[in-house]
């Protein structure tokens, strides 16, 4: 019995450590949210979100330029990344390609996923310099697209992989070609997973600062063409965080970012659950 | 020709082209960075760059040693903190938490994973930095502004938590219950089962989780930049400011872009980042493949 | 009937409010092979796994009643004493689940946990157990290979060796041959027959023929209730209840 006691004590000890660890993790989350919500809410005002900084004064006015800039950057980038990604993800299905090829492609995508976002920024910057263009909305979109492609593609790829083989075979036997099957059957079946992947990419695109730091530049105005520089919420926070007078704006921007992250997280869950009902297992 | 067949053909070929281009992106980035680093590599031998401690770009000296050390310190400490905490949390969530607790906690972890780096940096700057400056460092008898390796490491650790936790949860979930029953029925406690059976059987997944966490910590630019102090010297204590590879690029970019040699040095730093991430990915794949071969369930 | 090893009184098990075992009263004789038979889903495995309190690891399981092992009710024990209770019962599952370690370590697993033996003593016990199940000659040169490299039949015998290594009193077997090829299945059956002289064997099986081959004592379950129990000859040749007769006649399975 004595030995059993020692073992039970060890288990109890580790249980305490486990709960402690979990508290640390959840605690950090609450601190982050607490800080941002508390401070962000107090700097939020109608003026803040509907106005741009008055010309010449970065610290006055509002952050509308950042909000719109972020939207103008992230949505097109996610859209393009999705189109490219879905083509790749479908192509990687076993029917189209030998497995050495799809393994190779998946491997490259995994590496690209792990590449720090600043490298994408630098890469695009190099191309911009080579072409002789300055920072712009367009460049930022390109950088974000490159960043998002591996994320969206691999997520979609993983969900499409899980589609039961029987469904595909059923489609073939009804006379669909490989291409048609790929597009129709797989797309619907893997829809929740695809949606989740897109949302994941969107979230990353809106929140990333490093890739757009040099490529989209900064501006106090709302971009009027894709060749203008533009502000974005992350870069705004990065530029303003260390100045006490800039902090209200930084908090407000962070607040909005967190709200966006929450919305994406929640809707991702809700949508996947809703569409999972249509999915056959 | 049959319209459907034609559409089929074009569709397939289009997908192939897109796929090839995307894979080519990997090589494109590598080659471009290599090309642009060539200048500085011609001026100074690579060993000097990596191991010298003098970083005076204006003098043409590009010793990266302090920055590499800063990177190793922040990444290393972050992982030392994050791995045990994440593992223990994941074990608790999967094996010990009552079902309702489990269900409510998991979304929180996902949300933590989605928080952008700038927000982490902002909170670290406004909460951790004063905390370190006013409480933690004095407790060790050290003076600091709070912008230091220590703060950056803690921040990175927190950023890495959700990555390791969610991957570990996935791996633990994949272990068949009957395997755990086999251990329990010999009279093992739940903890012994976790230690000797669950962790071993899910080792590939846990390793993958750690490697992914490493990748995140190693490449993190923005959050680190906001709290590490940005001074490229070898820190003599954890409470001194330092600099990391990724953060350096963000810090020095504006200054150095004008001069080709200096810009080339930064390109080299980016290349190093890229190569290290690549090597660790390969390591991850190899380790996973070997581990999976040994324990097939 | 010889002394009773396990006895249940009014045992009820609820999964999420579903009454999986209803008012089960049984007696299991010591050092005999008792077969628990019945159609799929009628609670055989639940009953088996309640003997070593393994069903409790699932969520929302409620148990009421008594389970007496050697006269003592095991349901009253605190959670911290359960590992010792479980040590008395070995478990053999449907599919073999070798632990993620070497062949040697699999057998030594229980012994190491209970800090029982080390070094040469451990080697001897491992050899003895592997010989008991007829594996020794096949694996003696590769004791430190991962157990997952064995064939399915060998893995199941390994699981048996692992179970008997800690010297339990009872062997709980949950359809242990259903995932095996006929040759391996036969090996396992023969082993169980041999081992029943040392341990009380309780075998859940869904093949009537297997039960007829090996059982000394039979418990017939139907939808959570124990409908008939008794010595094998009696139950098979003189069934008393209509359900048992129907099952024997192959009408329900």
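For the reader, a short list of remarks on this structure follows.
The first chain written gets the first letter, and so on, giving A, B and C; residue counts start at 1 in each chain.
Going forward, contacts are C-beta pairs under 8 Å (C-beta built on N, C-alpha and C of every residue); 3 or more make two chains touch, one makes a residue touch a chain.
Note that this is a predicted model, so its numbers are computed, not measured.
Averaging C-alpha coordinates per chain and comparing to chain A, the farthest chain turns out to be C. With centres computed from Cα atoms alone, the innermost chain of the structure is B. With each centre defined as the average position of its C-alpha atoms, the distance from chain B to chain C rounds to 48 Å. Centre-to-centre separation of chain A and chain B, using mean CA positions: 17 Å. We define each chain's centre as the mean of its Cα atoms; on that basis chain A and chain C are separated by 51 Å. For chain B, the set of residues that touch two or more other chains comprises 189, 192. Multi-chain contact residues, meaning those touching two or more other chains, occur in chain A at positions 7-8.
The set of chain C residues touching two or more other chains comprises 83-84, 113-114.
Of all residues in chain C, only 80-81, 83-84, 113-115 touch chain A in the complex they form. Considering their complex, residues 98-99, 176-189, 192, 196-197, 200-201, 294-297 of chain B touch chain C. Those residues of chain A that touch chain C in the shared complex are 1, 3-4, 7-8.
Residue ranges of chain B in contact with chain A, taken from their complex: 4-5, 7-8, 11-12, 14-16, 18-19, 22-23, 25-26, 28-29, 32-33, 36, 84-86, 88-89, 91-93, 96, 105, 107-112, 114-123, 125-127, 158, 161-162, 165, 189-192, 212, 215, 218-222, 225-226, 246, 249-250, 253, 266-267, 270, 273-274, 277-278, 280-281, 285.
Here chain A touches chain B in the complex through residues 7-8, 10-11, 14-15, 17-22, 24-26, 28-29, 31-32, 35-36, 39, 84, 87-88, 90-92, 96, 104-105, 107-112, 114-120, 122-123, 126-127, 146, 149, 153, 177-180, 183, 203, 206-210, 213-214, 234, 237-238, 241-242, 247, 250-251, 254, 257-258, 261-262, 264-265, 269, going by the rule given at the top.
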